[in-house]
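Sharing a structure here in structure tokens format.
Note that the chains are named A, B, C and D in the order they appear, and that numbering of residues resets to 1 at the start of each chain.
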Amino acid sequence: MLNEIAFLLCAALTLAGAVAAMMLRNLVHCALCAAGAFAGLAAIYLQLDAEFVGFAQLLIYVGAIAILIVFTVLLTRGAEIQPGAASSASSWWKGVPVGALVLACLIWSIMASPSLVRLPSPNVHAPVKQIGEQLMNQFVMPLETIGLLLTAALLGAVVIGLREPRTSEPNS
Amino acid sequence: MESIIQYLWLIPTAPLLAAGAGALLPRRRRRLSAGLAIGAISISFLLSCAAFWATLHSGRATSNFRWFDFGTTSVQMGWVLDPLGAIMAVMVALVSLLIFIYSLGYMAKDENFTRFFCFLALFAAAMLGLVIANSLLLFFMCWELVGLASYLLIGFWFQKPSAAAAAKKAFIVTRIGDLGFLVGMLWLYAKAGTHLFYDHGQGCLEPAAAGGLVASTAIALLIFCGAVGKSGQIPLHVWLPDAMEGPTPVSALIHAATMVAAGVFLIARVYPLMTPGALQVVTWVGALTAVFAASIAVAQSDIKRILAYSTVSQLGYMMMGLGAGGVAVGMFHLTTHAFFKALLFLGAGSVIHGCHEEQDIRKMGGLRLRLPVTFATYAVGMMALSGVPLFFSGFWSKDAILDALHHWRGSQVPFYLGLLGAFLTAFYMTRQVCRVFLGKPMTVEAEHAHESPPVMTVPLLILAALAVMVGFFGTPAWPWFQAYLDGGSAGFDLSKLMNEHQLPVMLLSTALVAAGIVWSGWIYGRASARPAREADPLEVAQPALFACVQKKFYVDEFYDATVVRLTTAFARFCDWLDRVVLGGLVRAVCWLALALARLDRNVDKSVVNEGFDIGTEAVRGAGQWVSRLQNGQVQRYLRVIGLAFCGLLILLLWGCA
Amino acid sequence: MSGLDQIFVWIGHRAAGWFPASVQPLVSAVLAIAGVMAVFGTCFALTTLAERKVLGRMQNRFGPNRVGPYGLLQPLADAVKMLTKEDIVPFSADKTLHFLAPLVLTVPVWLAFAVLPFGRNMSAINLDAGILFFFAVGSASELAVFMAGWSSQNKYSLVGAMRAIAQMISYEVPLVLSVVPVLMLAGSLELNDIVAAQGTYTFGGLARWNVFTPWGLAGLILFLIAATAESNRSPFDLPEGESEIIAGFLTEYSGFKYALFFLGEYLGLFAVTGLAVTLFLGGWHAPFQWLEWVPSWFWFAAKFGALIFLFIWVRATLPRLRLDQLLNFSWRFLVPLSLINLLVAAAWYWTGAWKFPVVAPIRWLLCAALIALPYHWLGRALRGAMPPPRKYIYAE
Amino acid sequence: MTPSLNQYLVLSALLFGIGLAGALARRNAVLVLIGLELMLNAANLNFIAFWRFGPHPEKLMGLMFVLFSIAIAAGEAALGLALVIAIYRHRRTAQVDRFDSLKG
């Protein structure tokens, strides 16, 4: 019962955050609502006994990605100018039906699979030590690859984000 | 013995490293470069002494290793330590050390001091490697490296056209001999299947292989060709006098004491291959060279050239000794000659240095007062070279050769030629000393000559002492040297000095030497008082003969007229062939290609291009049509993806249901 | 294991014992939370006073001494002032975010205290990934600062917020990286395990705290520097630098909301200080074996107080940095150095297997050299990278 | 009573749908990126749910997948936002429908 309530609360938070993030006009509000949705998901992970992943989700999504998004919003002045109400009707009818169609398909397929109505395995826990050992043994290659990938992404982001020398800009 | 053989490779490696380091040093690091070279050669000297000490007690030791394989054969290399190599290594290292030190003073003003020491160290490394090589192939490599170092050092002052020409001449002439050597070496490999000298009974010098050789006389003579080139024997002697264009320490080290002796050493090293027939040739060539060069030396006026011809002549003696008397006789003269000829060259260098780069003996005179140390040591060297009896090393070693020639079964002519050479040697050396040191100064430079610094005179003194002392190791009364090389032991027996075989020869040569000295002294002692421009007394007496001798019997001119002209003509012919015949052929092919290309262009224009134009138009049209799908609107792509996903999902579920 | 040591645990058990068994866990959790809030709330009050007093002494003046004996009631007076002030919200502000920002800052900071062990058996919850939890909840403060700065619609606020976020992002990296060696050597992310790993004694009774190892010493220094910057304290107080941008993101706040920000910042400082004590200074362990009889919570409080004093001291000593100096210092010095510190910790672990006489000092010196040399080189490189000191042409 | 697997899946599907609709409908690039992140998160939730309800939770496969996915999402966000900023500098706009040419 308690679990159900907690789940419903977290799900409501997540969905509300997500909907708000996609519908609000002010981009900063959108970003903050998205952060709320991410935090709600982290809570759901915790509820699913995935402590480590939950904290990692909190640390990375709320602590890093949300901040990044907010920075980008400010740097692109998205928060100030809103020419002709970004959410114009023309773009709404292009996007929402497709989203709704996909959603309908997904829900239909979930509902069509009776085997999915099942209860969780009891006494599941994922100690950090075991995660660490798996990362260092079975998943060591993916781990190294991810490290390389993140380094490359970091360098790439820095290179892309660097202000270009003035001379190469044609209209300045 | 076992322990030293493992470190034998260090002997050439130390100077090689010094040369490598010296090559990388900037020009201004003069002291570092010289210090490196001298330190390295000191290490080599000490190691050589240790190796020598080891050979006193035991025989031969080898250390072989595989260089590379091809197919089933493997090429082996290695080091050998035996009395022959050890005595040579000690001699080379010691003379090199002294000459390196001497060069400190002699080359002090030269701007390329660093380069000089780099080359010297390279030479020493190659020479020492040659001495301890246990493979004819390795020997040949070091041999060529020695030749390279010699080339570099003769042409050290390459700004002088004569030096550059002399370097080229030395390189090319020795190359002719080396060609024979190479052919002989390959032939030997074909026959013996190995280049190792000693390999536990399998080496090419050991009885198992050397005994059964076919055509061994031809091989031996081909190898002797190399020795002829390197040691300046007739007919390849022409490069050695010209090599005196290099700095004097180089002349002393390379073209008197060590490198030119390498030819003799080569014969000594491969002595087991030398058949009686080959030895006969060796003896004859040596005898002719000895007299021929000595007679040329009589009429020269350049102090270093006289010594150069003297060197050629003495090398002839060594060859004679090898041919008639065996390894010990030749090697003994090689060793004594190395010391006193190095001494003479360094003394000559000191004189030249003192007289402000003057080399003409007619412009000197009276230097005994101004260069006392040089004079004293030079006199010792001169007497050693002339073979003044009893106290000087040259006497004992030359006497051993003459004795061997006297008992040679082949012919008595070399013996008399040797005697004639001894007389000539005494004559021209006395002439030189009289001209340079006695009498009165002939020019202002000679009057203002000065003694060289101690860094130059100390090596002179050491070499003078050695020039006297080394001889006592090989007297007939105590033939230690010969016994050492043959692996036996020598007892002291004064009576051998007096036996009826040796005494007459000894007395005869002594008399000839005395005659040479006295006659020459009589002529030039008086002549040295006259002005320099006046003709030589001998020229006055026999103008035609003297002119002929002064022009070195026109050998260079003969070579110019024959070999060089022939080569030039052949080169011209090749040039013509290349320009007219081959060039014409190439031009014809070009024309053909051009014509084909023109044809091709026309075909291309009318047929291929049209076809491709149609094709590309079609492709472009299709591309334009397809590109409408990719308009850059990411959201549209995403929409398509979403719809496609729905479609796939529906299909999937349909299939399941 | 004296009674005094476990007195708080005992009180908690007894208090929970009065409730039915079904709600006992909840009650004990609530009690722990209440305890933590009470203790650190008081601590906050005392620290504001202590800071002003110590700063005063260091600046050769008295500090507050009018309210109550020795000015001891000054925090109370401040609280009354803060709560009774008018709560001003700018007209153009984004009112929702302006209201939410102090809450978003303060609430997660309280959460961070949940995993700290304040004494033997005295941590509110035992989380398997305690450190990760600590940093995860701490990450919300950046968002809060941004919300405060942006919602005020004031350029000083926005500049202050951007500065604060840049600073926090930059210094979070060395902060986390300097913690990693401790986790490596302890083999756990749980704070109680880390404290237990430092709980043995060596050399006749000296504690094996991490700070006594080369990497631990370097790690503590790096951690404290990064923590100072994370909590926006001098000399890293650019986001609130009065002389530059009025009060940064706090410009448009007053009254209770301002007090909440104030509280949040101090609590953040307390949390990282407590973490430093736990990670490097042996937690609640005594420094010498013969001092074990002193209650564990006392040792925690003593170390905690010493570090707080250190922060105040630093604030009184060092001038404020420029923004470029601040970022250069983090990215060019602290981050590489803390990465190298990882290697040093690895070297320490590896050399632990060495077996020969006098291994301990050799091992120590080797590892110390491994961190000291990069420190020297990076320091020199950093000095080269900084712009030269400004020249004031007209001032001379 | 605890929630069952399909409840989590429905939540995930809803999140995915919202993200997709937003990514399709909104024109600001930042919002499109937020939509993408929401879709990624929906996928992550699926992994976690299947791990928790799957037959072999002790193997941690789903957890690992999500950990790597989060790491990649961080890199993706950093790069994507850097691109948005770079394009904004050139074009003075952050509307995705204006990003339709390959030339800068």
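FYI, contacts are C-beta pairs under 8 Å (C-beta built on N, C-alpha and C of every residue); 3 or more make two chains touch, one makes a residue touch a chain.
In this text the structure is predicted, and so the values were computed from the model without any measurement.
S.K.: If I average the CA coordinates per chain, which chain comes out farthest from subunit C?
M.R.: With centres defined by C-alpha atoms, farthest from subunit C sits B.
S.K.: Taking the mean of the C-alpha atoms as each chain's centre, how many Å separate subunit C from subunit D?
M.R.: 34
S.K.: Which integer distance in Å separates the CA centroid of subunit A from that of subunit B?
M.R.: Taking the average C-alpha coordinate of subunit A and of subunit B, the gap between them is 82 Å.
S.K.: At what distance in angstrom does the C-alpha mean of subunit D lie from that of subunit B?
M.R.: 81
S.K.: Can you list every residue of subunit C that touches 2 or more other chains, as numbers and ranges?
M.R.: Residues of subunit C touching two or more partner chains: there are none.
S.K.: What are the residues of subunit D that contact at least two other chains?
M.R.: Only 20, 23-24, 27 qualify.
S.K.: Of all residues in subunit B, which are in touch with two or more distinct other chains?
M.R.: 635, 639, 642
S.K.: Spell out all pairs of chains that touch, sorted by label.
M.R.: According to the stated criterion, the contacting chain pairs are A-B, A-C, A-D, B-D.
S.K.: How about subunit B: which of its residues touch subunit D in the complex?
M.R.: Interface residues on subunit B, with respect to subunit D: 631-635, 638-639, 642.
S.K.: Mind listing the subunit A positions that touch subunit B in their complex?
M.R.: Against subunit B, subunit A makes touches at 94-95, 98-99, 101-102, 105-106, 108-109, 112.
S.K.: Please give the residue numbers of subunit A that touch subunit C in the complex, ascending.
M.R.: 26, 28-29, 32, 35, 42, 51-52, 55-56, 58-59, 62-64, 66-67, 70-71, 74, 79, 127-129
S.K.: Using the touch rule from the top, collect the residues of subunit D that touch subunit A in their complex.
M.R.: Subunit D residues touching subunit A: 1-11, 13-31, 33-35, 37-38, 41, 44-45, 48-49, 51-55, 57-58, 60, 63-64, 66-68, 70-79, 81-86, 88-89, 94.
S.K.: Help me check something: in the complex, which residues belonging to subunit A touch subunit D?
M.R.: Answer in residue numbers: 1, 3-4, 7, 11, 14-15, 18-19, 21-23, 27, 30-31, 34, 37-38, 41, 44-45, 48-50, 52-53, 56-57, 60-61, 64-65, 68-69, 71-73, 75-76, 78, 86-87, 91-92, 94-96, 98-100, 102-103, 106-107, 110-111, 113, 116-121, 124, 126, 130-131, 134-135, 139, 142, 146, 149-150, 153-154, 156-158, 160-161, 163-164.
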